Amino acid sequence: MTQVLTTADGVPLKTSLHRTLRRRKITALLLVAPLFVFILITFLFPIADMLVRSFDNSLVPNVLHRTVPLLAKWDEKSGQLPGEKVFAALAQDFKEGQKNFTINRLGKRLNYEKSGMSSLFRKTARKVKRLKEVPSYKQALLKIDKKWGRHDVWFLLKLQSGSVTPTYFYAAVDAHIDDTGKLTMKPEKQQIYLNLFVRTLMLSLLITVITIILGYPVAYLLATLPTKKSNLLIILVLLPFWTSLLVRTSAWIALLQREGVINDLLVWMNIISTDNRLQMIHNQIGTVVAMSHVLLPFMVLPLFSVMKTIPPSYMRAAQSMGATPYLAFARIYFPNTIPGIGAGSILVFILAIGYYITPALVGGTQGTFISNFIAYHISNSLNWGLGAALGAILLAIVLVLYVIYDKMVGINNMKLG
Amino acid sequence: MNKPLQQTLLATLVAAGLATSGVASAAKTDLVVVSWGGAYTASQQKAYSNPFMKANPDINIVNDDSSAQGLAKLRAQSEAGNVTWDVVDLIASDTITLCDEGLLEEINFDKDIAPAPDGTPATKDFGSMIVSPCFVPLIVYSTTFGYRTDLLKKAPTSIKDVFDLKNFPGKRALQKVPTYNLEWALIADGVDPAKVYDVLDTPEGVDRAFKKLDTIKDQTVWWTQGAQPPQLLADGEVVMASAFNGRLFNAIAKEKQPIAMMWDWEALDLDGFVLPKGAPHRAAALKYIRFASDTQRLADQAKYISYGPARASSAPLVGKHAELGIDMKPHMPTNPINAKHSFITNYSWWADHKDELSARFEAWLAK
Amino acid sequence: MAALPPYASPLDKIWHYTFLLICGLVFFFLIFPIIVIIPLSFNASPYFNFTAKMLALDPDGYSLRWYQDFFTNSNWHSAVRNSFVIAFFSTLISTFLGTLAALGLSREEFPFRTTITGILISPMIVPLIISAAGMFFFYSRIGLQGTFPGVILAHAALATPFVVITVTATLVGFDNSLLRAAASLGASPTRSFFQITVPIITPGVISGALFAFITSYDEVVVIMFVGSVEQRTIPWQMFSGIREQISPTILAVATMLIIFSIMLLSLIELLRRRNERLRGITPS
């Protein structure tokens, strides 16, 4: 039997070590807990709460609580309208909904799916109050509005009777369920979000490429200069980084607008006439130029930190073995910087696709991003479900990129300035 | 939301010494009046709020310029059961849906609103301006056109001229919404103004309106904020622009810009006060609304801004501009000469079609 | 790269100078837009461009009227006050919570480090409009929408990742044997914390706090949703200024903000160097 090692007070060493380790683990967790709870309450919970709106449809079964169970039994494929019982239940639901003001909210909700529901509900709600003990609710409702005799109206009610709905997500990708129940794309004239996602992604990609092209030589210069000089030059990269986004955006407005500095300069140099001033703002050019400027430091800094770690001896070794400087660069140096390009690109791309302020101010109608439409639905159209669905898709894209970034760089190694 | 969470959060913050949000003094009621800001809020302060506070020293009016986000914030507040606004200034079309959804209190016009000085009850004095039981109309404003007198060879006189690039070359500015623009496009395309909504009700009619807009799309700058079109005109970025008439008046009369008005088929709308359900100081809010909407106050407001009073009895009292000394009557959108061709949007038609047409309008813009 | 070797061929020379020219142009692109604002802010006319008088260096072309406008306009006054109040308190909260968390995260025995770090850093990654929309609904619900506490909490949440990252960075390579040595020499954990850990993390905490401050100070999307007009800050005022009425007052404000960022940048740079010295990383 081997003797168990014990501490001075007789506890086996192994247990004691375990205990200490556990205590240390708990201390570590306790240190992180306040922030974790804080982020959970002030940040994560609000976002989750908003995302619920992208599929929440409880308004329909709540307001039409008599009609919905009866509608489940209605066979929409028969081509017939629902029976008298369903009409009677609907009339009751309308009376109740009119009293507690929910019916018009429902009308507005269903109007997102089919134009005209809003007024149908308002009109019906106003008149249904007066219906008492009528022989046939079906006839009465049809008399109020003949739209109640339309199969597609009833089909929509049945389709939307669940407490969750995928239709906000369909709308977010320009699809809808047509009157025959098939999932199809909306008519081309009404398609908007798919193009917008594509545009947001393409412009972000373009901005990322521009920042690589501009950032790579600068990072290379900074990494190869003596520290004293590079420390001075890096301030030129950090200054824009530390300057307010609004300042930089207004600077670009001053530069790019029709009566702006660049146009003035071109007119002065007789390159263009004053009547043909270039339109460089309130379009995609404005967005791309201003955002490339804003995001360039996020490319230069990661590139710089990767290049810093490449020993100059690599290049010397390659050259001593007969490689020309260009070959040495292409075969030795450049491959070593790819992780930096990757890290910088994902960072710039993630930041770019979520941009709101700069596109809103210099983007016009062609240079706006998906974020601008989310804002529009939250504060103007009040179609919060659609806003949330667009947000959910954007968030999913960003999270995927975030995971890739983590795999590549490791969020633990993220550095700033 | 569960109260404990809210209390914990608040308690923590207060404990951290963050009671910065200006605790209302017990003696005075802080009445939060939400409006549009800028010259408009200023005119309301001068015409309504200052005399009101003089007459009611126990009430202090706090202005919040959030009307532009009014719909979203009011809806969110109401959904959360946490209304912090007392009186909100909104345009009529927006209030109709809010009223239907039960977010606003209904106003008993003959009881809550002052009669005209001659005793005419409010319902009669406001007449057809009462478009919703929740909405107390204050002013009539119009979205109409301004043009540069020096940059156009001929003065435009009809809505057709807005769409006529040959005789009136140059950029135009239009509001970035489908409302009004579709109506104007159809009228300019020769549709009988009385039948505009019948035409718009058909898919072909909507196509026709967009097709007409297509003809000037390349030459159009789209504005979103009321201050933009006068600025665009003043900078010479555009030669004509749709704009709120009061903003154009300011640019013309106050800033002496070379701009003139073109009133043909001006789009009239109403702006007024609503009382949110659950407003924290309901009684004081009603008192304020009654005071602000009386005959004299509405006539006074026209001294500061060129919007027409919504009460019939105020019209004869409209006098001269307080600073400029100009007679304000010819600048009112309700002046019969200006309003010879005018229309009020069909609120219920737009309630049905705004979502769909806004999406289509945005899709059209993005192309 | 720094200097051309004497044996460089003409082609090498051309390439070298082309490269330097490209870098020069990129630096110009980075800095010029910021610098150009400064003279424009002294424009005597209400436009965003150089007038003929300005180019002729005529003193009449220049004026301080936009600065005067800034200093006499009560909207800007309250914006400056709000910006500082909100940034100050949110910095306080985020620095405190972020530093604690960084201390915990950098202990070797911390479980699920990657996942938890990922969650704690998420406010920096999630697009601002999504954070703004979520907070708008939720804060309305608990009555914090349109209040100072609400805005401060929102900004604190957005700023904590920066504190976590900077403080964690100072602890990377932190030699835990120092603490063990202290303990074996009889120092209490409290004492070794204050005498060993605190001096090491201080530069990180300060630069994290500066990052947090600038995050809140520069933030405009979330505050437009979570705040109301009483919380209007400088960037918000600038945003609505640009959208509504462009006046060079915005450029005057921008100029002052640029000077402010230069000051902050210098401070950060000093701290970084001090930190590197302290940790024995000498710049090579």
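Labels A, B and C are assigned to the chains in the order they are written; within every chain, residues are numbered from 1.
In the analysis below, contacts are C-beta pairs under 8 Å (C-beta built on N, C-alpha and C of every residue); 3 or more make two chains touch, one makes a residue touch a chain.
Note that the structure is predicted; figures quoted are calculated from it, not measured.
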Touching both chain A and chain B (chains): C
Between the pairs B-C and A-C, the one where more C-beta pairs touch: A-C
Most remote chain, CA-based centroid, reference being chain B: C
Mean-CA-position distance for chain B and chain A (Å): 32
Chain B and chain C, separation of their C-alpha mean positions in angstrom: 39
Geometric centre distance via CA averages, chain C-chain A, whole Å: 23
Residues of chain A whose C-beta touches two or more other chains: 259, 378-379
Where chain B touches two or more other chains, by residue: 5, 9, 72
Multi-chain contact sites of chain C, meaning residues that touch two or more partners: 93, 136-138, 141, 153, 243, 246
Chain B partner contacts - residues on chain A that touch it in the complex: 41, 100-102, 104-105, 107-108, 111-112, 115-119, 122, 189-192, 195-196, 199, 258-259, 282, 364-366, 373, 378-383
In the complex with chain C, residue positions of chain B that touch it: 1, 5-6, 9-10, 13, 16, 18, 20-22, 37-38, 63-66, 72-73, 76-77, 79-80, 82, 84, 224-228, 231
Interfacial residue positions of chain A with respect to chain C in the complex: 21, 24-25, 27-32, 34-36, 38-39, 42-51, 53, 214-215, 217-218, 220-221, 224-227, 229, 231, 233, 235-240, 242-255, 257, 259-261, 264, 293, 296-297, 325, 350, 353-357, 360-361, 371, 374-375, 378-379, 384, 387-388, 391, 394-395, 398-399, 402, 406, 410-412, 414-417
In the complex with chain A, residue positions of chain C that touch it: 1-2, 12, 19-20, 22-23, 26-27, 29-31, 33-34, 36-37, 40, 47-50, 93, 97-98, 100-101, 103-105, 107, 109-111, 113-114, 116-123, 125-139, 141, 153-154, 156-157, 160, 162, 164-166, 168-169, 211, 214, 217-218, 220-221, 225, 234-235, 238-239, 242-243, 246, 250-251, 254, 257-258, 261-262, 264-265, 268-269, 272, 283-284
Chain B contact footprint on chain C (complex, rising order): 85, 89, 92-93, 136-138, 140-149, 152-153, 228-230, 243-246
